[in-house]
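Consider the two complexes below, in which chain A is the common component and chain B and chain C are the respective partners.
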Partner chain A sequence: MTGNLRKNLTGYGFVLPWLMGLTFFIAYPFFAAGYFSFCDFPPMKGPMFIGGDNYVELLSDPIFHRTLGVTTMFAAVAIPLGVLLAMSLALFLNAKIHGQAIYRVVFYLPHLVPTVVVAVLWMWIFNPEAGLLNLVLRYLFAVADGWTGLFFDIDRLAGGTGSLTPRAGLLLLALVPALLAWGPLARKIHRPESRARPVLATVAVVAIVLAALAIVGALLYRFAPGDMKKIHSPGWLTDGDPFPAGVPFAPSWALWGIIIMSMWGIGQMAVIYLAKLQDVPVELYEAAEIDGAGWWRKTISVTIPMISPVILFNVVMSIIGAFQVFAAPYIMTQGGPENKTRFVAMFVYDQAFQYHRVGYASAVAAVLFLIIVALTLVAFRLSKRHVHYSAR
Partner chain B sequence: MSSVGEKKTPWHLRTVVHLVLIVGGLFFILPLVWMIATSLKPLDQTLMRPESLTTAFFATGYHATINGTEYPVTRDRPVELGKGESLYIVTPAKAFAAGELTLPFGPDMWKKSVSFTDEERRQMDANVTPTMHVLADENNRYDPAAGTLSLRSGRVVRADLVRRVTAAEAPPGETLYVVREWRPEDTDTKGVSSPFVKVERAWDILPDSRIRTGPKVIPNNYPVALRRVHFTRSLGNTLLLCLMTVCGTVIASVVVAYGFAYLEFPGRKALFALTLATIMVPFVVTMIPVYLMYRSLGWVGTFKPLWVATWFGNAFFIFLLRQFFLGLPKDLLDAARIDGCTELEILWNVIVPLSRPVIAMVALFTFLGTWKDFLGPLIYLNHEKQFTLSLSLQAFASEHGGTPWHLLMAASTVFSLPLIILFFFAMKTFMRSVATTGLKG
Partner chain C sequence: MRSVHLILCLIILAVAAFAWIERKPTVSQFDPTIHEGFKAAWAKGKHFASNAERDAAFRDNWNGRVHISYWEKWGSFEAEACQKMVDAFNESQESIFVHYVRTSQVDRKAMLAIVGGDPPEVVGLWSNNVRPFAEADALLPLDEWMAKSGLTDDHYILNYLLLCRHKGTTFCLPSTPATIALFYNKDHYRLKADKLIAAGCDPNRPPRTIAELDRYADAMSEFHPDGTPNVMGFIPTEPGWFPTSWPYFFGGALWDANTGELTIDRPENIRAFEWIKSYANRYGRQNLSRFQQGFGNYDSPQNAFIDGKVSMVLQGVYFPAFIDRHRPHLKYGVAPFPTVDGVPGPRSLMNEDVLGIPRGCKHPKEAWTFLHWVQTQGLPIVCRLQGKHLPIRPSPEDDRKFRQGHPNRFLDTFDELAKAKHSFIMPRTAVWREYADEYRVAFDHVWHWAPPADELEGLTGEAHSKKLRELCRREIVETLGRMRKHLEERQKTVKKREAMRDGMGAR
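After this line comes the complex of A and B, so read on.
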């Protein structure tokens, strides 16, 4: 036996388990699924080739369209929202303050909770009567309504007539501390080293935020009274109405429930971003500071480009994940109400294991795979210009 | 919030960061607190809308004095009485079937008030003993003059008046409640092994002011919940599966990764690229043919489909381990080769000891994945005896349409606890693993 052959055989010997695994558990099923999608599976018999019939049926299956729509809607809302929230969370967790270790643990903990527990726990949280979420919402909205009610007549806002009461003018008072802290007047009354100025600025920010809350509340009551009434105590998982009601293709309340629940597990992503944030070379920030960049500028021009590969990676994994969402809708809503939380992975499961339509389910899986590949390619293509790979 | 630079972040920015993190943290931590809080509540307090945020998280211990004895009680339901209306608590002179009554001791009540055990319900369904007090209202008509009780079935029995309840009993602004004696064992929604329990419980109609809050009696939620999800059996199944998958994944992936990292053979690069590509293949796509394959082997309904595949390695972990191996000093390897070690010996004596952290990470990931897995067991396990914790919990939840929240939350807490404890013990490995998985790309 020559040394070379022996060496090669050793190499193949080491990867042999994976070679077999790859063949039996990935390659074979992958191509088999492709073949099955062109077949009919009568019970107790082998696959029978029927051409593209399964795909033709898919084209006109309203439930399949619905599941695809639901999944797309979920992906379109949950992925950008998730990336944005995880990103901001990571930036906050990266700030140099005390207690970060505790915060990080708190945000990471939900990731450890098993899927089924998450589903059952959030079913309980979404309970319209005794659930935690509606309890908090009722409480928060009682406060918010009270605050808006101080300045506006909530009952008459929806009608639009005489909705502006003189009391709303009081909100303009919020501008007073702002005028005293910034602007030409402030320059006259404060000396440069004055300590009153930052205090006034803080008061101004708080006052403006509070006034804005009242105004936003009033605007919502004016233009979306139905939604405002509902959001005080939604029926969550049982409610198939869209929110916001006026927007076409808006997710149903039940779907929003699943989206909110999926946001609960975002800590994992935030910790990944955080790890990358800490790897960004300090020199880059120093260089930016010399160029006069502020915090925002540094975040946009240094931080985000430096961690963009991780963002892309996360987006791609989230796309694949979104098309596999199964446990949450299966346990929490069984796809209801009116199939508005029937995700496409659930459809595959139902067709294959409940109705025993293996061929049809395979066709759905094949379509699913093509969609995932297409979306991934789009993500890579779009990101080409924006994702920065460091030389390392 | 500037994260870099020597100068300290100004106090107002630090305050803002703290505020944002605390408010955000509430969203992440409150559900877990709520889970534990619910698991410590008696059943009836999970059915009604909590009066405030405090009572939502902390169970209230209600106490009332009924016939001179103080009992821990449940507030079953509010009673609304108009002016001049009154209710009678009466004792019927003759036994009658339970179906003839209505609230609070009629069938409606028995279906709704799940804190009675089956045994108790059956007992009550059989007949209502003459000594039992009955609430006479608009359904069970009581004629005080004649001393007769007209039941829903149309039957009329003689009944003695125990007490007359009028709206005047409630001081202004207060509500009258049906209160009932409560015992810690009243947590079960299904009589699993409850011995014969005496049906009669002290009960009365009392205004708010006579229902005192006092020391809480902790309900036996945990033992009952664990019994209902067959905890020991499910835990055993889950741990067995975890053991098999962790061993399989670690051994196979380490060996294969070593092959990819250090051994030369034709097609290595192409095979590795293919391996990376398979990470993108979703489980949903391969699920069906794999299932059919296992079915033709006769493995459906056994644990085998859930662990056998792990003994062939896992693409992602192979990638992870290979990257780590490539970072190890090559000199060690060469030295060992010169010493005449075989490749397996090198792997075992040189590489593995150096790679403990990354191997721990792979083991941890696999353990978590198996512990949390739902779809796999759902597809392949069909006998209750084989159910993992995930399946048992889901079965328990769907069996009831999710009503006994106190028990579900108790089971959920126990189910999540091992992972959280594990996390605190292996925090370093966890955080490193998170950082490393993001490294890809």
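After this line comes the complex of A and C, so read on.
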């Protein structure tokens, strides 16, 4: 046996277990499902070729349309939100702050918890009466409502006629001392050893959150008074009403629940961003600083272009993940209320294991596969102009 | 470097030790012949007084027995009851040993096991599994065995046997039956007697018609100052397990048993949905949903009825056992669920758990021996311990024995409902699983549907109520109509495919 042949055989020997796994557990089921999608296939009776009937049936199946709509809605909201939050988290974790390692671990930990455990945990968090989330919302809105009432004329807002109260002038007046104080305050904050820094940062975050809620409150009073009442203590997983009401294709409260829950696992994405963030050359930041760039400009013009390949990777993975969501809604809502949290993957499962229609389930899976491929291709195509590969 | 190796070895040892301690139980652990040496001596010493003789006999015939597995769905005390029945069988003879395997989602797992060619010998399914399993050719027909061993229709309450049949062939046999009835909290009736009398209701008896039920429910409900419920008299969605039963209490039905036609949108069913929606309109669907979110699990002291949050519920024959577990001193009564005026009663949904022998199992004959024993001797054990009535017609002597000291005080009520002329079973159509799922979605939709505010604007009093009823009715008719259309399409597709298969088979 020549040296080359032996070398090759050894190599193939090493990859053989993997190749067998690929053939029997991935390639065969993949192609078999493709064939079954053209068959009527009750499990005990074997496949019977029926041409494209399953695909024709899909076109007029209202439940499939509903599940596809729910999945698309989830993807449309959860993917951008997840990418944005993960990136913000990564920027935060990249900052030189005390206990940085602990924060990194804390934010990554949820990703290690099994989905079933997370789902059960969040069912309690979303409980409208005893849940943690509504408890926090009630406290936040107790203060935010005061702010809304202080600055906005609620009665007239609800009628759609008025807006700010004369008291809102106080806001403008408050701006003057704030601007005057900003100079010395900013200098103090910028000193890393300043003790006032964490206190002021906390005050600023709380004030921003409350102000945001007050503005959200005012907008809701103006456009959706029903939602305003509900947002104080939503029914979450049991509520099938859309939020915001009246907005076409808006997710239901129950779907919002699943979206919020899915944000809990962004630690994984954030860690990938973080790895790339630490790879951005310091010289670029130094050059930007010499040119007078502040934090925001540096983020927009240096950080984001440099980590854009990772953003693309995360977007593609999120697209794939979003169209495969199954365990969390299956446990938390079983697709309810009114199928408003029934995802396509659940539909596939029901067809195959509940109704014993393996052929039809395969057809849905094939359509799902094509959708994921198409969206991934679109993501790659759109990214060509915006993704910057430093090695090229 | 040495210390690293030492630590690694220790870790491996710790993992191995943990894995050994946490190892899964195996069938061999049930085998008394392997308990030799120290273990056997220890076990013998421990149980010598009570079990030595039995253990010895058991050990002698262990290897000569045919071991079969029985998959069943129950947990908690219901599983213990079933285990006791299995133990009694294992002790009753020396040729077969049944291993009871508790399995969640037993129907789905059983189907996978059957398709995979390695099913258990006996599987405990729900009666609504009979048709899909029979049509999938997943169960063995039992008629021939029944005829040989003398099990006839007379042995059973007929409806319970019919639930086990598909196209005239028996594919399963009953294990434990269930009928449903109205459970009412007698303490609440006593405490709110004045309100009940003022509403024209008799606090000493449960309601007999749906109109009465509504009056009782109204009088017994209590609200917080902000209008949210504190105690509700009755809610059609609590516990919400039998939504497909409501039409039958209004004289409706979900299908025509003679023609196989789906009748979801017949007038009586629409009336039932209007009644359901009237609760959501009267008390506020959001209020009720939030109220229900505060309830605990079914099998817990925080169960809405056990905890006194809801005064009347529609529940099954098994429920008293759960009440006894969590609040044994609760004063409650059980009565047939009311029907609407003019619809004869008493009536109840008849449902049951069934036992079948999967096709492809290794020991079908032994499985039948077990099944036959269950039908003739095992059912009284399991039904009694689970607090249920019997799906069979026992001899007067056996019946007397069964009833003596039975834990369910309301056994007679459930038994009468099982034999009642107007009691009903769920449709036996090929698309029943889809039907039931879509029904739930339609039910949810009607319950949560909010009428357009602009159509009710400016209306008050009776005009408002009338318009609201009209809008709800329109929505119900449209929803049920859509559902029927979709299911009829499905039914057509199923028939078409069946015909194609038959055609291929004929060729």
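Everything below uses one rule, namely that the second predicted complex is superposed on the first by the 323 of 392 C-alpha atoms of A that agree within 3 Å, B and C clash if a C-alpha of one lies under 4 Å from a C-alpha of the other, contacts with A are read in each partner's own complex, and residues count from 1 in each chain.
Heads up, the rule we're going with is that a residue touches a chain if its C-beta (ideal position, glycine included) is under 8 Å from a C-beta of that chain, and two chains touch if they have at least 3 such contacts.
Bear in mind the structure is a predicted one, so any value in this text is a computation, not a measurement.
Student: Will chain C clash with chain B on chain A after the two structures are superposed, or do they fit?
Tutor: clash
Student: Name the contact category of A:Lys45: first (chain B only), second (chain C only), both, or neither.
Tutor: Second partner only, chain C.
Student: In the three-chain superposition, say which chain, chain B or chain C, touches more residues of chain A.
Tutor: In the superposed model, B touches more residues of chain A.
Student: Which partner does A:Gly235 reach: the first (chain B), the second (chain C), both, or neither?
Tutor: After superposing on A, A:Gly235 lies in contact with chain C but is clear of chain B.
Student: Answer with first, second, both or neither: which of chain B and chain C does A:Phe64 touch in the superposed model?
Tutor: In the superposition, A:Phe64 touches no partner, neither chain B nor chain C.
Student: Looking at A:Val271 after the superposition, I want to know if it touches chain B, chain C, both of them or none. Which is it: first, second, both, neither?
Tutor: In the superposed model, A:Val271 contacts chain B only, not chain C.
Student: Taking the superposition as given, does A:Glu129 touch the first partner, chain B, the second, chain C, both, or neither?
Tutor: The answer is both, since A:Glu129 touches chain B and chain C.
Student: Check the residue A:Trp256 against both partner chains and state whether it touches chain B (first), chain C (second), both, or neither.
Tutor: neither
Student: Which partner does A:Phe343 contact after superposing on A: first (chain B), second (chain C), both, neither?
Tutor: A:Phe343 contacts neither chain B nor chain C.
Student: Using the touch definition from the top, say if A:Phe353 reaches chain B (first), chain C (second), both or neither.
Tutor: Both partners, chain B and chain C.
Student: Which partner does A:Phe243 reach: the first (chain B), the second (chain C), both, or neither?
Tutor: Neither partner.
Student: Looking at the overlay, which bit of chain B runs into chain C, 37-45, 109-117, 163-171 or 361-369?
Tutor: Stretch 109-117 of chain B has C-alpha atoms clashing with chain C.
Student: Using the superposition on chain A as set up above, list the residues of chain A that contact both chain B and chain C.
Tutor: Residues common to the chain A contacts of chain C and of chain B are 127, 129-130, 353, listed in rising order.
Student: Quick check on the complex: what are the chain C residues that touch chain A?
Tutor: It comes out as residues 108, 111-112, 114-115, 132, 135-138, 286, 289-290, 292-294, 359, 433-434, 437-438, 440-441, 444-445, 448, 450, 482, 486, 489, 493, 497, 500-501, 504.
Student: What residues on chain A touch chain B, complex-wise?
Tutor: It comes out as residues 7-8, 10-15, 17-22, 24-26, 28-30, 32-33, 36, 89, 91-97, 99, 103-110, 112-117, 119-125, 127, 129-130, 132, 135-136, 139, 198, 202, 264, 267-268, 271-273, 275-277, 282, 285-286, 289, 295, 298, 309-310, 312-314, 316, 320, 323-324, 326-327, 331, 345, 348-349, 352-353, 358, 361-362, 365-366, 368-369, 372-373, 376.
Student: Could you please specify the touching residues of chain A with respect to chain C in the complex?
Tutor: Answer in residue numbers: 40, 42-45, 48, 50, 57, 60, 62-63, 127-130, 230, 235, 238-241, 336-339, 350, 353-356.
Student: Contact residues on chain B for chain A in the complex?
Tutor: 1-5, 8-9, 12, 14, 17-18, 20-21, 24-25, 27-32, 34-35, 38, 46-50, 53, 56, 252, 255-256, 258-260, 263-266, 268, 271, 274-275, 278, 280-293, 309, 311-313, 315, 318, 343, 368, 371-375, 379, 389-391, 393-394, 397-398, 402, 405, 408-409, 412, 415-416, 419-420, 423, 427, 430-431, 434-435, 437-438, 440-441
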